[in-house]
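Paired with subunit B in one complex and with subunit C in the other, subunit A is shared by the two complexes that follow.
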Partner chain A sequence: MADLALSSPVVRQSRLLAALQRGGARLWVGAAVVALLVLVAVLAPVLAPHDALEQDLMSAQLPPSWIVGGDHAYLLGTDSLGRCVLSRLIYSARTAVMVALVAATLAALIGVALGLFAGSFGGWVDQAISRLIDVWMAFPPVLLSIVLAAVIGAGLTSVIAAIVVVDWTRFARVVRAETMVQLTRDYAAAARVIGLSRAKLLRLEILPNLVPLLATLLAVEMGIAILVEVILSFVGISVSGDTPTWGSMIAEGRQIVYQAPWIMALPIGCIITSVIGFNLLGDGLRLALDPVQRS
Partner chain B sequence: MTATLEIDGLKVAIGAANVLRGVSLALQPREVRGLVGESGAGKSMLGRAVLGLLPANATIISGSITFEGRNLLAMHETERRKLLGRRIALIPQDPMTSLNPVKRVGVQIGNLLRHHLGVSKRVALARASELLAEVAIREPARVLSLYPHEISGGMRQRVLIAMAFACDPALVIADEPTTALDVTVQRQVLQLVERLRQRHGSAVLFVTHDLGVVAKICGSMTVLHGGRVLEDGETADVLARPRHAYTRALLAATPRADRPAEALRPVPPALIEQLWSEARRLDRLTIAGPT
Partner chain C sequence: MRWGEIIRRLVLVPPTLFGVAVIVFVLLRVVPGDPIAMMIPPGASEADIARLRALYGLDQPILQQFSTWLGQVASGDFGKSISVHQGVLELLLERLPATIELALLATLIAVVLGVLTALAGILLRGRRAEWAVDGGIGVLLAIPDFLWALILLLVFGVLLPWLPISGRVDPQIDVHLHSNFYLLESLLTGRFAIAFALLHHMILPALALALPFAALVARILKASLTEAEDQDYAQIARARGYSRPDILLHEVLPNALIPTVALGGVQVTLLLGGTVLVERIFSYEGIGNMAIDAVINRDFPLIQGLVLTFAVLFIALNLAIDLIVTVLDPRLRHG
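And then the complex of A and B:
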């Protein structure tokens, strides 16, 4: 009997490095943007030059400091109440990050659980969950969030709840389909033949195969959560009025957009950057984690 | 002595189509039986029925499958799961897709051992390493730390064979384990199955369409067509004096080193047609009931 040796020394620096390489520029840029966002949120009290609520009516609607008429004390200018725009942007990141992380994670947990359930049981369980998803998705999501936030009342918790309640379907639907696909694979049959129960089969064999997909979905969902929070705070049913958010900054800046366009433009820039950041991270993660791309 | 596996009059239908039309066969302890037949003969279905892996739309119409004296079909699901992987194991058909792509080889073998033998993680890894050495894999410790896509198809098949025999099963169902491999690797795999079978004292049901494979390692054989057993006996007898016309036709269609290639004869279409009409007559009889 011939011994079988590895044909060539498998060249591999570290798996982590290889994965980072596969992710490419998207992964790097996305991770950098998201990391920066989180850092800013965590360090807001240190980074912000002023108190976000401190009003200085004498210096209202100052333009950014490099423009004629700007004040060096206010790097990005002030709003109509004389509050520091930079500080408000920095403090707003806290709400955005909090909502993104918590809401997306909770939505993922619920969605994945129901998706696995539907995908593995099939039959009437699948029918029930799938029809529920269909009905759920038939509602315009933003409208549903607005109604929910209005019903539950304002506040961070209700914003998060509204996003979770609306967006679990995104995960459930994808996970259900992918679970069904994975269960037909030979390795799943092989795992069943070694006597694994359904729960163990899902946990040990199927779930690890869903990780690349989930990481991608989660990152994209975080971007979406930020957007929904912006919309809710724009219409004024997000967190309470004394907490700065990008959405409320846009709403305030909108009224004086002709006199002081930067007040509205800056939060919009922040939103676009962070959403693109999350999307790039999702894309990069997909490339980095996809087992098919590994070799 | 109780037979390891006894299948009696097994009838299975998928939707309205009958795939097994009353198959009976028995496997004694340590016996190696070849199950041969063309595509669609029902040989894989038979293996799946024993493993409880029939597709969801399949129904077992009648018959029984007895493993070491216990009826598998009447057994509760959890009871049956305890046998799978431990007393009844499978060597799957396609080594390329039968390992979980995102888990290291060592973790997969380790999980199997921990699931059935309840050993610790460390013991499981040590045992996994021994198992790989047993299937003649060099540097087993290193292979354990690799992902399936990092090792060759031949090596993956060896890993799967090692997993099948890991818990000293009484019965191993080998579902065309050589079909997806090239010819040189095939021989090694056959030797390996033979060696491990002897060492672990398992009976093997070897599903294949390759009569050469059957002649090499199976003591007995069953010829299946259209979900029925056409011929059954010691391999040497069947090959030397085939009784059924279909077996004779199969033999004439098998290339052999001592015969020129021109001597190969395809299985006559008339014979196939006749066999299928017999099978259909059997179906009608079943529906009408015994008279």
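And then the complex of A and C:
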């Protein structure tokens, strides 16, 4: 009877509601910020008042429109080439969202696969993967991604590849440890007793129990991916020069920071909002999905 | 048992470094960019280019280049930088002290700030103000060091022009010191004017590196203080009439420090990695800033030397933290 009651749609719905409640304000605010970011990225051509590359040297370094000397045509002012700062901010969101989604997902896939292998096979497989992680962790991550991006060459793919190659260890370490813990639990032993193969055990029993952890890690990793892209484009080895990114805007703003501080301040604001959004979403998901808090 | 673990880790250091060396070396050799192409003047003859390649050993097979380089490194010769035309070791020794001083100052600020925040949080335990402390810690943690660097640069360098935003020391100051540890040497020899000028330049980058780390220290320490304060010995001390600040400082803090050093210590490597970008933002002349230039110029020997230096620092720091924890924790000392 209990089983029947649990699978009824009403109970399911109330479970979902309970999960959303547990997630609390963090979940809502985080999800809202992330949704807004994605929306801006998708609708960039509609939202941006100007072409992000259009130069107007006659109106270079205009302050935001509410400050004396500002122009109403350029709400957030212009950069040193007279390009519209607001439009550049909006178009930069495209690169940020793309990198966040693709790089974080790929890093998660590779990390989870290797973590599951290491955690479930043990022995030399675990030794080999753990040593590999050790070597990886001996690199300063920022330097490694800079070297990688420089090696692979400019472009979105190279930025994503650099992030994936550096950050898979975040997932692999956690998944390896958690798989080991889960495998000692009674349910895993029971699943083995009824004759589940290792692959099935991992896929049907272990992996679903890792979902809350993975959702949190993934959200946080998306924030990190955005930051790494900012770092690479700040240093000047990210996507090609004419694609606007928050990092390249900061680098340009740094040159004229005394004359036009807003050019640097505005992308910093966008980055902080996005990263805090992803962190809140991660926190909220952890609270909402944690099986311990569910009971 | 714990000592055995540390010996095991020491044994693993050479293979790890070897792995790092192999990866960097191979990675750099598959680069499409050519370091020679960047240093020749336009119109150089084929023969000149070939001569330059031979000079830096770039015409050899990769395996040959690697074994030559490894042999040289083993004897303390890191080769010559292609872009700066100076010995790599010489450059490292010149720049490393600047980075070490910056990292040390940042760690000092972080520890002081973190411990004070944790103590404030614990004294306010259960009150509304504790929320403010936790919220502050959360914000500090969510924003990484290089963003703090940019924010601090904007606020205290530009909007309120109180502090310089680039370099290690004012160019008009004649430093003339024996070592490259400018700050340490000027403090030890009592040349406080120079020390003050150095600190004036270091405070913003150091603070940027320190803020997220301070938040981390505060969070871990506050959690372990809370746990330690609920233990029987703390309750008994309270019952015997010792004041709360007294118990916190003398009974609870020493016990809470152990997990803080163990967990927080690992993150010192993050702070060190953060110097790369923070130095860049403040045009501070350390190895991090040099590393970015080296990558942009495809200066193979310099990149190899720098990455190995960072790897050695990372591994040494991790080992040092483990040793400190072993010494601090009586349970491990006699284990």
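Quick note on the criterion: the second predicted complex is superposed on the first by the 281 of 295 C-alpha atoms of A that agree within 3 Å, B and C clash if a C-alpha of one lies under 4 Å from a C-alpha of the other, contacts with A are read in each partner's own complex, and residues count from 1 in each chain.
Keep in mind that, in the parts below, a residue touches a chain if its C-beta (ideal position, glycine included) is under 8 Å from a C-beta of that chain, and two chains touch if they have at least 3 such contacts.
These numbers come from a predicted model, not from an experiment.
By the touch criterion defined above, A:Asn209 lies against subunit B but remains apart from subunit C after alignment on the C-alpha atoms of chain A. Of the two partner chains placed by the overlay, only subunit B lies in contact with A:Ala191; subunit C stays clear of it.
By the touch criterion stated above, A:Val151 is placed in contact with subunit C alone, subunit B being left untouched.
In the superposition on chain A, A:Ile250 makes contact with subunit C only, while subunit B stays out of contact range.
Residues common to the contacts of subunit A with subunit B and with subunit C across the two structures: none.
Contact residues of subunit B toward subunit A in the complex are 51, 53, 56, 78, 81-86, 89-90, 92-94, 97-103, 111-112, 115-116, 136-139, 142-143, 146-147, 149-152, 154-155, 158, 160, 163, 188, 191-192, 195. The part of subunit A that touches subunit C in the complex is made up of residues 131, 134-135, 137-143, 146-148, 150-151, 153, 227, 231, 234-237, 250, 254, 257-258, 261, 264-265, 268, 271-272, 275-276, 279. Put simply, subunit A touches subunit B in their complex at residues 1-7, 10, 122, 185-187, 189-197, 200, 204-205, 208-209, 211, 291-292, 294-295.
Within the complex, the subunit C residues that touch subunit A are 12, 15-17, 19-20, 23-24, 27-28, 30-33, 139, 142-144, 146-147, 150-151, 153-154, 157-159, 165, 269, 272-274, 276-277, 280-281, 288, 291-292, 295-296, 298, 303, 306-307, 310-311, 314-315.
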